[in-house]
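Structures given as structure tokens follow.
Here come two complexes built around chain A, the first alongside chain B, the second alongside chain C.
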Partner chain A sequence: MGAGHAHVLYRESASPVHRLPPEVKIVAMVVFTLAVVATPRTAFWAFGAYALLVAAVAALARVGPGWLLSRALIELPFVLFAVALPFLGAGERVELLGLRLSEDGLYGAWNIVAKGTLGVLASLLLAATTTTRDLIVGLDRLRCPQILTQIATFMLRYLDVLVGEARRMRVARVSRGDDPRFLWQLRGFAAGVGALFLRAFERGERVYLAMLSRGYSGRMPAVWQGAGAATAGQWLVAATVPVLAAGVAATAVLLT
Partner chain B sequence: MIGVVQPTPPSLDVRGVRYAYPDGHVALHGVDLTVPRGERVALLGPNGAGKTTLVLHLNGILTPTEGSVRVGGLAVSQDRATLAEVRRRVGIVFQDPDDQLFLPTVAEDVAFGPANLGLRGAELAARVDEALAAVGMGEHRDRAPHHLSFGQRRRVAVATVLAMHPEILVLDEPSSNLDPAARRELAEILRGLPVTLLMVTHDLPYALELCERSVILDAGRIVADAPTRDLLTDTDLLTRHRLELPYGFTPTPR
Partner chain C sequence: METLAMHISNGIIDGPVAAVFAAVALVAMTFCVLRGRSDLDDRLAPMAGLVAAFIFAVQMLNFPIFTAGVSGHLLGGALAAMLVGPWVGALCVAVVLVVQALVFGDGGVAMLGLNITNMAVLGTAAAYLLIALLLRVLPRTPTGLGVTAFVSALFSVVVAAMGFVGQYWLGGTTDLGGNLGGLAGTMAGVHLLIGVGEGLITATTVVTVAKVRPDLVYALRALKPAAPAPVPAVGGVR
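And then the complex of A and B:
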């Protein structure tokens, strides 16, 4: 049973960005994204500036453009709609590459693709430089409701356990000749999902019993929150990117 | 230091415990069991004998229909403060370490118990280091539990309750699913711990190796209570209670 280091997005490194406490990176990412979203779509130069900022942070974090761009493909299904806009959009038509396209639609498509890509790239940089565990610690320090961080903590811990159980059940099913090819042959699979749910439920009960046995009284003790929280200096360092982005956004709004 | 061995009162004193599940099924028919401080006792019995039910009475998760449980002289009751103290004194290591280790890193999980007792800061960190050192897992404190081997996870599970400085350590099937080396390593660790130990197991050689005394629980009753070697050489008794020695293993009577 291979229990490998299942980091899908995190890239191990000791870069200055990696060393920043998670909470400042989360805030920086959110503020940056807000600045991008608030920028008027016609301020093309502003999006260039944002792209430069992302590239600078990526270089500092030693995250290569190939890694970043290939993972940014995840946004494709979400921006697919944008491709249709120039054809469907109303208003003035312009001639482009022999096609008569809606000018408004073109701007709309650009707006979605540019802002979406920058947001995805910023999130990817956060994920590449922060472990999932640290993300939860950061959210906790940002006073995110404990119920949410606790659910995320449990998910982080038990996702691998559940995936392992599902894999073993599938292997056992396939070993007995189950080979579903059509929808109506999925009975075994469906029963497996039900069994997995029951197992997860029962495990939940056992975990809770074990927690009770160690004195759990309904509230997680806030143990590590204090240690290693961000200093004022780290907040300032991390603030450079969102402050620059906010400056760009403000200028763009004033100019258009 | 983990646990201090002092004379009187006994670590565990179970008297006439009867328990019926809400559906009416009677799991325990009056169990008496005393474990003096510092002793290691094996609780043997076939599946469905009521072993786990008895264990859940020791720290007040289940409440006996009749009878009483005392841990280090303190009677288990449903009063909040008592319950918290009882759960400190009784450290239960459950069979599946994945049930016990629910936090993303080893150190956080070991800190969970003592933090529930109100410990913070340096004192808490000291408890964590001490407990992990006791099971030889000190260098893995920041690893994720699912990145450890099964044997390592079980050792961490032992550390999570050692960190609470228990009066008695209760282990549910400690040797199950371990490979021979991990099984031996765990035995070495358990033998070196200065705590009272109650070990629930089907692994008779393991009981013989670690525990001077054994009790057999069957159908909710204690049916035998004697030195482990005497019990394991009594073939009739073992057969009557669905216990079997592994093939090729024959303990010599004293």
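And then the complex of A and C:
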């Protein structure tokens, strides 16, 4: 968790995908993911089609495959779980490379890896093309309750406060003769976690009061100004991907 | 890195069960929004944001348990329930999960209902019930508060983990046969250990906050609404 963690995944660019309003992208991403999850796991071709869709959007958004794949490693623990499934699963056993594996487990593993990866790639594309600020604006325009967007706004704002305070406290410790290395940092961190929280809160409270005195009323200015909300045309453009995905899913369900 | 246990990824649980829990989570969250609105005043709004940010950061601390092949992380439900109350607390955890799912691909979007049910609803509810109970039984001392925070955090983590086991039993995409008991055992053991870590962090944080700014601890506020919190000796920090 470095500084500016909240923006660490955003890739500055002016591609057509970046220019789409955030609410449109959120809906497209969620519908796409739902279509992927609803696809029967035996319809292998459907997952290929989804991968093509993801690749097309990535190309359009000028996000490189290397960037995407290295960020997708977040999924790794699930892949490990998936690898264990063919050994743990019950039911029919099949012979594969000299190992007796559970057939159900093999399908299960494929299911988790394929659907999980596609879901992660879709979220990464959203994150790469939308700033976190825009994301909250988008959620607000989608009529997400204000209390939630408000918590989310402060969460993203205070992440940087928290990281900054943690760094200042670490510098203070080091300059007073502490010499933290690798794991032993944890001890100093654990001892100071309460103080860190309080310091971050008091700083955050000042940020909040400053916002209030400048006219903050619980919503981002971009929302109440209403500028840049999605037009019907933009909804149509963004709908192509989820509609295609839903078509693939429907075909796959009908065929199997 | 993330956990197998807590952030369920797409495809682990089948569609119908995920849909049912999405409905459960939606109902619970609507309820929390309605109840939480009256709670969220000028003092709680920045606190809720900070609690969410804290949980977000703390969820990145992973405890890999290599022998079991899984890892888990802290949840923060008890901390949230303690500092901002059960309603806003559950919303804080839910917001963290939504942002993680949308932006970091941590936990599948289609599985959000399951994740929110486990961590935001079950975890926070279990923690708050214990907090309400223990604060009445235990002495009103920093130790009593610390023990309350520790126990409720420990318990809430295990409850959330058992939520996953229950969901896997209902709709796991792969039939583990007799291994489900093993899954439950592994999850319980692993999360007991995580719960100890979570309990320690929650207890230190809550006790520190309660010593300096007792007015900020929701659980203490709810207990004695009439008696104003004593003005902290270490004023002037603002």
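The working rule: the second predicted complex is superposed on the first by the 215 of 256 C-alpha atoms of A that agree within 3 Å, B and C clash if a C-alpha of one lies under 4 Å from a C-alpha of the other, contacts with A are read in each partner's own complex, and residues count from 1 in each chain.
Assume a contact is a pair of C-beta atoms (placed from the backbone, for glycine too) under 8 Å apart; a residue touches a chain by one contact, two chains touch by 3 or more.
Just so it is clear, the model here is predicted, and its values are computed rather than measured.
Trainee: Per the contact definition in the header, classify A:M29: touching chain B only (first), chain C only (second), both, or neither.
Mentor: Second partner only.
Trainee: Name the contact category of A:F154: first (chain B only), second (chain C only), both, or neither.
Mentor: A:F154: touches chain B and chain C.
Trainee: Under the stated touch criterion, which partner chain does A:D178 make contact with: chain B (first), chain C (second), both, or neither?
Mentor: Touch status of A:D178: no partner.
Trainee: For A:G215, using the defined touch cut-off, is the partner it touches chain B, chain C, both, or neither? Pick first, second, both or neither.
Mentor: First partner only, chain B.
Trainee: In this superposed model, does chain C or chain B come into contact with more residues of chain A?
Mentor: Ranking chain B and chain C by residues of chain A touched puts C first.
Trainee: Of the two partner chains, chain B (first) and chain C (second), which one does A:N111 touch, if any: first, second, both, or neither?
Mentor: The second partner, chain C, only.
Trainee: In the superposed arrangement, which partner chain does A:R206 touch: chain B (first), chain C (second), both, or neither?
Mentor: both
Trainee: In the overlaid three-chain picture, which partner chain does A:A195 touch, first (chain B) or second (chain C), both, or neither?
Mentor: The second partner, chain C, only.
Trainee: With both complexes superposed on chain A, which partner does A:R133 reach: first (chain B), second (chain C), both or neither?
Mentor: It touches chain B, and chain C stays clear.
Trainee: Across the two complexes, what residues of chain A are contacted by chain B and by chain C?
Mentor: After superposing on chain A, chain A residues 132, 153-154, 156-158, 161, 206-207, 212 contact both chain B and chain C.
Trainee: Under the touch definition given earlier, write down the residues of chain C that touch chain A in their complex.
Mentor: Residues of chain C touching chain A: 1-4, 9-12, 15, 18, 33, 36-37, 40, 42, 45-50, 52-54, 56-57, 60, 69-71, 88, 91-92, 94-96, 98-99, 101-106, 108-110, 173-179, 200-201, 204-209, 212-213, 216, 237-238.
Trainee: Give every residue of chain B touching chain A within the complex, in rising order.
Mentor: On the chain B side, the touching residues are 56, 59, 61, 84, 87-88, 90-92, 94, 96, 98-105, 108, 111-113, 115-117, 120-121, 124, 144-148, 160-161, 164.
Trainee: Looking at the complex, which residues from chain A come into contact with chain B?
Mentor: Residues 3, 5, 132-133, 136, 153-154, 156-158, 160-161, 203, 206-207, 209-217, 221, 223-224, 226 of chain A touch chain B in their complex.
Trainee: Going by the contact rule set out above, which residues of chain A touch chain C in the complex?
Mentor: Residue positions touching the partner: 1, 9, 26, 29-30, 33-34, 36-38, 41, 71-72, 74-78, 80-81, 84-85, 88-91, 102, 104-105, 107-109, 111-112, 114-116, 118-124, 126-127, 132, 135, 145, 147-148, 150-159, 161-163, 190-191, 193-195, 197-198, 200-202, 204-208, 212.
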